[in-house]
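Both of the next two complexes hold subunit A, though its partner changes from subunit B to subunit C.
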Partner chain A sequence: MSRRPRNRPPVDLAGTTDLPVLLPAADSLARRAARERELGAALPRLDWRHGLVLLAVLLVSAGVAQAQAGAGREPVLEVLLRWMPVLLRGFLFNIVISFLAMAVGTLIGTWLGLMQISLLPPVRVGSWFVTQFFRNAPWLVLLFYCMFLLPFEFRIGGLVIPFPDWIKATIGLSLPVLANVSEIVRGAVNSIPSGQWEASESLAFNRRQILWMIILPQCVKRMLPPWMNLYAILTMATVLASIVGVSEMMTQAGRVLAAEDRPDLLIPIYSFVLLCFFVYCYPIARWTVALERRFQVKL
Partner chain B sequence: MDWSWAFDWARGLYHATGINLTFVYDSFDRDRLARGFMNTVYLSLICLALSMVIGVVGAWLQGSKLVWTRRIVQGYIQFFRNTPPLVQLYFFFFAIGSLMPTHENRFGFQEPMLDNFTWAVISLSFFAGAFNVEIFRSGIEAVPASTIEAAEALGYNRLQTYRYVVLPLAFRVCLPALNNNLVNLVKTTTLAYAIAVPEMLYMANQIWSDSVNVPETMTFLLFAYVFLVGLLVWAMHSWERALRMPGYGR
Partner chain C sequence: MAWTPDQPLVSCKDVHKSFGAVEVLKGVSLDVAQGETICIIGPSGSGKSTLLRCINALVPIDRGSITVEGQEVHDPKLDKLALRRKVGMVFQQYNLFPHKSALQNVMMAPVTVLKQDRKEVEERAYRLLKKVRLSGKEQAYPGELSGGQQQRVAIARSLAMNPDVMLFDEVTAALDPETVKEVLVTIRELAEEGMTCLLVTHEMGFAREVADQIYFTDRGVIVEQGSPKEFFANAKDPRTQEFLSQIL
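Up next, the complex of A and B:
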């Protein structure tokens, strides 16, 4: 019978103080560092004004392009409207990839995170190694790895299962996600006060029951904001798939530009791409901030 | 040191199993990969140094009394924080790079003034620098005025207060956030692949295109990056632990 999870740091009362040694800026910096360490990337800080700036850039550049092109050519906004279905279908693809990668990453990452707090040393060390490995590998290299090394179809007997490039990209993007989810889960479990473990042990729960009925339900609240932040980072990372040739929005934008062959369209089309990502990510960012504020641990 | 046993082993491995480690036994591929590795290290080191300089200067400018100086620095941070680094790289290389004057090289071709390596350095340094400005500023803000007053009361002059009291404290406060940013920067150097900077990913790509040994080179590449980043993470964490302030935080 285990008395106390060994992998959690003991509460070090001797090293803490109530005196304000440093100003609140130090605390906010430390919190930010801890959050970024969990996510493995820095978060953008979105503001509604950014959306306005993007819209302004789109309209102004369209106007400038229109003025330069002269009367004989099709208006820029009309061109944009004509290609809108293609671009938006590309964007939908980004969202589908991000959803699937997040789902796969969360499923595997949660198990990996729970393995990291296992009482068996081999399981703990093994899952720690896998987590660190995928956390420290650059996203682009993992993406290349999956794109080139997974087969384009699987043959099981006579059955041929096709494996298109976007599925491979999804797998490639889910690898860093699962490592970061694993860290988020581990961090959340470690942030639950040890009193919770001890109290539930004294009520004769076994380890599985403690984890599933007491610790994890409390963790969900703490994991939700970083998990959503990770999703925002993943969504923005889906454009990396354009480097390896998946037909998502960035690739489609390049194709539209090639088809139109008008250099004046460059800025309007790319600012439209940025605007789409902003419109999608901004509500998520606001919601995350609101959740963070609501779930803030009060000590 | 004699490495011929390793070359023979790799050649034997190829004949026996078909695992083709050209970057071990073929001197041309070996040199290419080594150059790529060194370029990645070189690119990372230059960007690390420049981004720190940008961070310090930016943090200093943000404390300026002039409103517009502060606004410009704020705008710079907002721009680089909220756009993807790949877009920034393209913007610098294709948009600004094409506006730069060109000069004739010795083969009689027009050559841009700054090459792609320089643009990668500039773009990545500004990207990481934007984060560093905020980090350094919060670090300096975290030092209470009472600590500075105490130093003054002990007879330190302004420079000494800065050198012996403010900076050591601020640096320790900054370090965890700074580490994350620098690790992130090293990972982001792979994006330089997109503008054909001959760093490790690009060189590996050329090797597997020429020698058709994608799985071998790819696996090596993945492990090389994990090794590089892991080394940096480990070094920074031990530095962080060594500089830990007793009595502050956990």
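Up next, the complex of A and C:
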């Protein structure tokens, strides 16, 4: 029976351990820790192999579907190829919605975040409330609210401005985004050392000048990684718009399946949808990690 | 009542300040005449830095009065920005703007706050950086400068506003022993040129050399004051004696 010497730590600096619970994972954890030490930053949990797995699922499911369908049916990959323009046009719509929602959310969220650090208590409390409300409400509920609360057109005098579903969906998705951006801005401003405020106050800058010329320029770097992270999350959330009937990729996939009326296509088509999102969001995730590494706070 | 140069430039009378339950200043009075150099020394937590921050209204006071050139600093109607143009301050942690070069750090306030001509300010900034012996470092960013160099940029930045009085808050406390000297040389030159200076410092040798008056504070009150000669030679208060025996 071996006993651990009394003052030896459960896991030493090299990542080795003699604690039974840690043994199964010890080797891989040690390797990972070694690589992270080398890089000086945490490794991303997602990598390109996950994309390969998705691709493999797509191909295998296509093969299985093919085998089940039997002879005389159009090959699965050919069906997929035939519908690809429709699906990809749907995906483009997802991207457009994500861009617009992000733009609106960032613009309003930045102001909301600045209001959260206002010196006027009513402004501060009000913006805090709005931020917390939209940040802690389910995205889908907000989406439904916008769908059913907003009219389908606006009439100003004789002018009729149509308000299609996808615009309403964009507004609905921009609500949680603006709340998250608001928190990112507030957090970044608060993370700037108070000495910067004191120094600029002692140089007779007024509050507005301090904020716009000294504090916010220093915040941009800090805000970029969480902001991009938020964008990736938003992009993945755009498929929620399918539930309220916007013709984005998920909706189109459903329509394709309905038109083909072949249950064997289910897995291949949805795998393709997954793959598209992975291919789009993965580079953003990697880029975010790279930026985080570059902007790491040096103490 | 207009202020004339024969009156104290900075005058503190019975200044009280509490942070929560902790009373940091318990009735501090001191006067600084124009062109005078004052050193405030004392153990940590005795309220030295707080007093400096009160003088340029970074921290509001609870009771008493502080005047700069005859103007009450804690008058709610006071134009704080006008006051801060007259009072320059240099901090322990330099607090340079890290996203701006040394030259931009110096130029920013005169250009945006005083709305002075950019060309003229640029010339002055070059001159000031030369004065603090940083010629050639104009385009360097704070991250590329040593602590002592950053602190001298900070001094130049304050001087660019043409202040009437300069406050130095333990400006050498965060520096290496080798770079302390270059900053002290700069401050001594300023004092010799007739700039009114208020220094909070732990550099006793320097205080003895440049100060016209030395104030010793402990637990929120001024325990003792005097010219450097009498202060260091025969301190009367036991607290001062104890403090001096620990450092000297």
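The definition used in the following text is that the second predicted complex is superposed on the first by the 254 of 299 C-alpha atoms of A that agree within 3 Å, B and C clash if a C-alpha of one lies under 4 Å from a C-alpha of the other, contacts with A are read in each partner's own complex, and residues count from 1 in each chain.
The criterion applied here is as follows: a contact is a pair of C-beta atoms (placed from the backbone, for glycine too) under 8 Å apart; a residue touches a chain by one contact, two chains touch by 3 or more.
These figures come from a predicted structure and were not determined experimentally.
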* Contacts of A:L92 with subunit B and subunit C, given as first, second, both or neither -> neither
* If you stack the two complexes on chain A, which partner ends up touching A:L142: first (subunit B), second (subunit C), both, or neither? -> first
* To do: Answer with first, second, both or neither: which of subunit B and subunit C does A:A103 touch in the superposed model?
  => neither
* **Contacts of A:A259 with subunit B and subunit C, given as first, second, both or neither** => neither
* State whether A:M213 touches subunit B only (first), subunit C only (second), both chains, or neither. => second
* Asked: subunit B or subunit C: which reaches more residues on subunit A?
  -> B
* Classify the contacts of A:L119 with the two partner chains as first (subunit B alone), second (subunit C alone), both, or neither. => neither
* Asked: Touching A:V160, do we find subunit B (first), subunit C (second), both, or neither?
  -> neither
* Could you look at A:A56 and tell me whether it touches subunit B, subunit C, both or neither (first, second, both, neither)? => neither
* Residue overlap on subunit A between the subunit B contact set and the subunit C contact set? -> none
* subunit B residues touching subunit A - in the complex, by the definition given at the top -> 78, 81-84, 86-87, 131, 135, 138-139, 141-144, 169, 173-174, 176-177, 179-181, 183-184, 187-188, 190-191, 193-194, 201, 208, 214-215, 218, 221-222, 225-226, 229-230, 233, 245-250
* To do: Spell out the residues on subunit A that touch subunit C in their complex, using ranges where they run on.
  => 193, 195-196, 198-206, 209, 213-214, 217-218
* Quick one: which bits of subunit C touch subunit A in the complex? Just the residue numbers, please. => 53, 56, 58, 81-82, 84-85, 87-89, 91, 93, 95-99, 108-109, 112-113, 154, 157-158, 161
* Structure fact -> Interface with subunit B, subunit A side, in the complex: residues 9, 12, 15-17, 20-26, 28-30, 32-34, 36-37, 40-42, 44-47, 50, 132-133, 136-142, 144-145, 148-149, 236, 239-240, 243, 270, 274
